[in-house]
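In order of appearance the chains are A, B, C and D, and numbering begins at 1 in each one.
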Amino acid sequence: MTTPTDPDALAQAVGQAMFAVDTASKDTLGMTLVACTPGGAVMRMPIKQLHLNGHQICHGGFIFTLADSTFAFACNSFNQVTVASGCSIEFLKPAKAGDVLTATAQAQVRSGRHGIYDIVVRNQHDEVVAMFRGKSAQIQGTVLPS
Amino acid sequence: MTTPTDPDALAQAVGQAMFAVDTASKDTLGMTLVACTPGGAVMRMPIKQLHLNGHQICHGGFIFTLADSTFAFACNSFNQVTVASGCSIEFLKPAKAGDVLTATAQAQVRSGRHGIYDIVVRNQHDEVVAMFRGKSAQIQGTVLPS
Amino acid sequence: MTTPTDPDALAQAVGQAMFAVDTASKDTLGMTLVACTPGGAVMRMPIKQLHLNGHQICHGGFIFTLADSTFAFACNSFNQVTVASGCSIEFLKPAKAGDVLTATAQAQVRSGRHGIYDIVVRNQHDEVVAMFRGKSAQIQGTVLPS
Amino acid sequence: MTTPTDPDALAQAVGQAMFAVDTASKDTLGMTLVACTPGGAVMRMPIKQLHLNGHQICHGGFIFTLADSTFAFACNSFNQVTVASGCSIEFLKPAKAGDVLTATAQAQVRSGRHGIYDIVVRNQHDEVVAMFRGKSAQIQGTVLPS
């Protein structure tokens, strides 16, 4: 398969290639990759029994993981291998079994090899569950052969 | 069963009660609760295929989740329901399949209803994988009947 | 003087009252309050010799202070006393003597007594110097008599 | 003047050289450098009128600045130019005019070019006012000629 050159097609192809081998996000936590665009990504995770902690709400670590995965897809969407160099999260609302969380990532600033991405996690009522901010650093290499 | 009054026995009983119903930590991610002491906790997580992301390393979100769980056990160990009001994490080293991560939480400051807890995550070579700092806020209620 | 009831006039009056007694922002660091609107604020700080650290660039702590002040004006603009309960900052670009920094704060989420505010600090070339995110908590009392 | 080779003497000489030209810390905010050791530093700042915000307490940004300066002295103490790549702060207690704040920095982890430093800010009653954690990255160059 040839690596696409069109930015939208490239982002989509990179996203699919990364997601196919992402056991943690796909198999363990049950996320789906809804979209991967240049500098952006959308992922979804329905909350089930497996996500619940001792208070019978979704473990905050899994909300973090959803946001962190979405961040990774967004910042690798240009087909340059990019890693997180820092992040912060604010939790605003708990999530319960039956909720469906959607995380939306968007690049805010890209300057040289560094970027800032904001990820908002919302539930099915469009209420904000968490806000995550990630700082990215591009390293050597490409996700798909360039 | 009577709730213990001795602080060490109380912390251990609270930890066991919380862990028994913590599906996310115990069943989904395979953590064990090694110890729960007044203001402290130790948890362990062997890294398996289920923890790996697309780069075939442990998903950073699961390292966060391990630290966050250990924080929760430590700050609830006094049998006062306590929640996180903020946290930060620094990732220092990746973890691979076959690694065994141990998170150790210890209260640094407790003042009124608030506390600061430091959680260090190390691998089986005693190398620091991540450092997490959590701010806790005590709310109403007890974990075990008081 | 009567406290205004119109939200825009109220925000402006609260901002002016707070700024008048803010020695740190006004006198020590030389900030000006450009605007205070419902949920928003704009402050400016020209970088002079007094702001420089040993590397002859603006001390990162003063960029933090500019963002933190702007956050405070924005989250108190509804005339309910509101304090920071957490914050994070990412530094993207240094500032030099002669630069003029402008910080713009805007509420992102307000829910009950809590809010999330984003503050962007830009230089005179509209380049992003820092991004600050603050979590606010409303406490008892008003800034101006209500 | 020859650059010392003994680590303690080197740290002290680097600290003095950096502090001599640090207008922001020394002149604007009135800090003193109490000690600079390999991987550590202690700085002090008496709180005066100039530090107060509109609530007549020390501006949180200045507590951040004190911690950030102390971090910078600690991580440059090996005479390798080192910059902050991220930081977080938790505020625990306000500081008033007349208080004397002391910030103590100590390296927690150093691995390759990266390090984690913890900075604790205490008042004259030895109460913790803030806890700051900084991540450092060593870049090219030395502070004093090597």
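Quick notes
Throughout what follows, contacts are C-beta pairs under 8 Å (C-beta built on N, C-alpha and C of every residue); 3 or more make two chains touch, one makes a residue touch a chain.
Remember, it's a predicted structure, so these values are computed and weren't measured experimentally.
More C-beta pairs in contact connect the chains of B-D than those of the other pair, out of B-D and B-C.
A centroid comparison over C-alpha atoms places B as the chain most distant from chain C. Centre-to-centre spacing of chain B and chain D amounts to 30 Å, using the average Cα coordinate of each chain. For the pair chain C and chain D, the distance between mean C-alpha positions equals 24 Å.
Inter-chain spacing, taken between the CA centroids of chain B and chain C, is 35 Å. In chain B, 86, 88, 90, 135 are the positions where the chain touches two or more neighbouring chains simultaneously. The touching residues of chain D, counted against chain A in their complex, run 85-86, 88, 135.
Residues of chain A touching chain B in their complex: 18-25, 27-29, 49-54, 56, 58-62, 64-66, 68-69, 72, 84, 86-91. Within the complex formed with chain D, the residues of chain B that make contact are 86, 88, 90, 92-93, 108-109, 111, 114, 116, 128, 131, 133, 135.
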